[in-house]
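The structures considered in this document are given below.
Here subunit A shows up in two complexes: once beside subunit B, once beside subunit C.
Our next item is the complex of A and B:
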């Protein structure tokens, strides 16, 4: 049994527009999956159904053996956290400490244990020196990290990131992307909905949606193997692969997959001349 | 005519204990007729700066000359409407500001408000929607029923329909898919090249800046750390290091090639151009 099983799921906001159309896939525990697709492809709809924020109209989603529905959702949410796009909309406490404590209080953690738990998780997101900071004195990336610490303190099996880096500056983006990798290294199942093609490279698997249908589910290098296929559905390939493509069009075949390796190869070609 | 900030400062919550100086003695002349990117970390003052351009914010001290208007601290302004027609500002996540019953009405709202007749306003709205690739069969749909990317384009059409001289965009491509982002930015490049609009772009996307912006303003803690040619900024290793800028990938790649021994100019903005330069050396 896989940790997450999505079977023949469909969703329509109204009769004329089907947002998700008969989608099925399984996700294994501990994997880091990116979900990409054009605007309106159904990415967020799918994530909302997994988190029980939208009622599933057709098909089933099973998480950790429990079917996602009204009866099970509270139980499922103990295993599942979600980080949203806007860092300002998910800060509840008046300080970093209070914000993380909020979730613990809901979970009825004894107050004498709380400080230690909070300390542990702010350290994990690198914000130990910021416990008494108020949200207005934090950067966007820092606010997102507080949200992640609060979720991690709940010890979920799964964390869904719904375009969690799209409103951040380059530094904030980098911080959150590193953190997602770390979470995955610590056996948390990470699902990240993103428009950041470069992020896909650090994930284990990528799901591509097109017009509500499952277009591909494969390892990143396989997904990016056919650039034209992706461009037809409004997506693109990462920079390093674009380099390879451009030189291939100039009849220069490069074997390396990283920029440094390609620079080496080109210089060797130049020396051989 | 000019876009000239003169010793302009802006303080949020002035005279309060938590007053915050967002812009600190800014003197800056933005070049007309080109595409200028405004970059800098979160909190560096980018949005505060551009919100002065159509008088959403007024300087706490100093002044701003823009087109034929002048905003001076503590001086009441009488030209708000013409200024806002001439300077179109598209906010971050502008799709949340759609409100009319139909897409066509939403886009025509601006021109109507600025005194165009119903007929003219409708025509302007149609032209703008066409420019932004919104299919005609959607004109009478509710703007709330279309996809996020389409909503963003409708919101931008609302500004374009007013025929501004200066177009200011705050993170126009955030949250758009790669193709949508590219189409949108190329539309602004086109409006700049063919209609000579001044385009001012606030963004975190340095790849886009490097590819499309003629000039760049780098803000740091409310001050101007750099203003000049985009290519010069991103090819300056000291600046990249000092301000912890994310280097465009083509620059990173070019530097690696140069370290190997290739002789390359800093002019290429696209991989195609870079590949051509290299090919000339190899063959």
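Our next item is the complex of A and C:
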């Protein structure tokens, strides 16, 4: 049994706009999955259904053996955290300390134990010196890191990032992407909904949604191998993959998926001649 | 909007900062009575000394107190004018043609001014040494008896603390929208009344729409982090009454007792 099973799920905001149309897939525990697609392709709708923030109209989603519905949602939320797009609108406490405590209070953690837990997770996101900072004195990237610490402190199995880097500057984006990789290395199942095509390369699996339908689900290098198929739905290809494609057109087959790896291969290619 | 002194928390460490917010809040209520009851200068002298000691122990600069008085100066002058024109009791201090200045007019005004100054000092003392969140907790504690009639004190306290948390965010938003509208030619400063109203509308409508959007997203974020309205939760902040908190309240009660004494016997 997979950790997350999505079966024939559909969702329509109204009769004329179908956001999700008969989507099915399984995700294994510990995988880092990116979901890409255009605005309105249904990415966020899917995430909200998984977190029980939108009622599933058709089909079923099963998380850790429990079907997502009104009866199970409080239990499921103990295994699942979600980081939203806007850093300001998910900062609930008045300071970093209080914001991380908010989830712990909901989880009925005793007050004496909270201090140690807050200290541990704030260190994991590198904000130990900012415990008493108020949100208006933090950058967007720092606020997102606080949100991640608040969710990590609740020890979920799954963390969904709903376009969590889209409102950040390049530095903030980089920090959050590094954290996502770290989480995945620590066997947390990461699902990242993103417009950042470069981020897809650091994930294990990539789901492409188009007009509410599942367009592709495969390893990132395989998804990008068929560049024409993605271009047909106007999706970008990462720069490294474009380079690889050009070489392929010149009958030079490269194995690596990053620029440095390809450069190394090219050196060897020349030395063999 | 950032140079607002009244009601601003000063993040330093002092004896007053460390006191339990409940003790400070009860102390304030007791002192309000102590300030408004007496009619003797002795009582004001005693309370004045206490307030001064509290301000010193809170390490609040005298400049801050003076600044928080500033908005009151116009009101005090107005009060003096009204009193000199209306109060006709006591001794005549000064005569100019048909106008006579009576001693009671001056003394009444002075009483009111001293009371106001003491009040402002005390409230500034409370807000400058107590984090808004701690103040919310103290108010929640004071409202606890209302739970008998099913008043949701905890939810109200949470609401207030979230509202406080979002004030700076909304101010930022307001400035951003004002700038955006200015760049589109909206004039917030000039024009007649109807022009002003329509320019304010161009600020208020987007502000509300954004605030609602924020509220929905915040509700989602709270739910996603396991918040269930009305469900049991543990508390991170737990207020603890210490010996100095009792002493503080007792001193305030003694001040009240003294001012009642002066009201009756002096």
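Miscellaneous remarks
We adopt the following convention: the second predicted complex is superposed on the first by the 247 of 273 C-alpha atoms of A that agree within 3 Å, B and C clash if a C-alpha of one lies under 4 Å from a C-alpha of the other, contacts with A are read in each partner's own complex, and residues count from 1 in each chain.
In this text, a residue touches a chain if its C-beta (ideal position, glycine included) is under 8 Å from a C-beta of that chain, and two chains touch if they have at least 3 such contacts.
All figures in this text were calculated on a predicted structure; none of them were measured in a lab.
In the superposed model, A:213 makes contact with neither subunit B nor subunit C.
After overlaying the two complexes on the shared chain, residue contacts for A:234 are found with subunit B alone; subunit C is out of touch.
Of the two partner chains, subunit C is the only one touched by A:104; subunit B is not. Contact with subunit B, but none with subunit C, is seen for A:167 once the two complexes are overlaid on the shared chain.
Once the two complexes are laid over each other on the shared chain, residue contacts for A:154 go to subunit C alone; subunit B is not touched. Using the contact criterion defined above for the overlaid structures, shared-chain residue A:243 touches subunit B, although it does not reach subunit C.
By the touch criterion defined above, A:93 lies against subunit C but remains apart from subunit B after alignment on the C-alpha atoms of chain A. In the superposed model, A:7 lies in contact with neither subunit B nor subunit C.
In the superposition on the C-alpha atoms of chain A, no part of subunit A is touched by subunit B in one complex and by subunit C in the other. Contact residues on subunit A toward subunit C in their complex (touch as defined above): 48, 51-53, 74, 77-78, 81-82, 84, 86, 88-94, 97-98, 101-111, 114, 134-136, 147, 150-151, 154.
Only residues 131-133, 161-162, 164-165, 168-169, 172, 214, 217-218, 220-228, 231-238 of subunit C touch subunit A when the two sit together in their complex.
Contact residues on subunit A toward subunit B in their complex (touch as defined above): 14, 37-41, 85, 139-141, 163, 166-174, 195, 197, 231, 234-236, 239-240, 242-243, 246-247, 249-250, 252, 259-260, 262-264, 266-267, 269-270, 273.
Contact residues on subunit B toward subunit A in their complex (touch as defined above): 41-43, 145, 147-150, 171, 174-181, 204, 206, 244-246, 249-250, 252-253, 256-257, 259-262, 271-272, 274-276, 278-279, 281-283.
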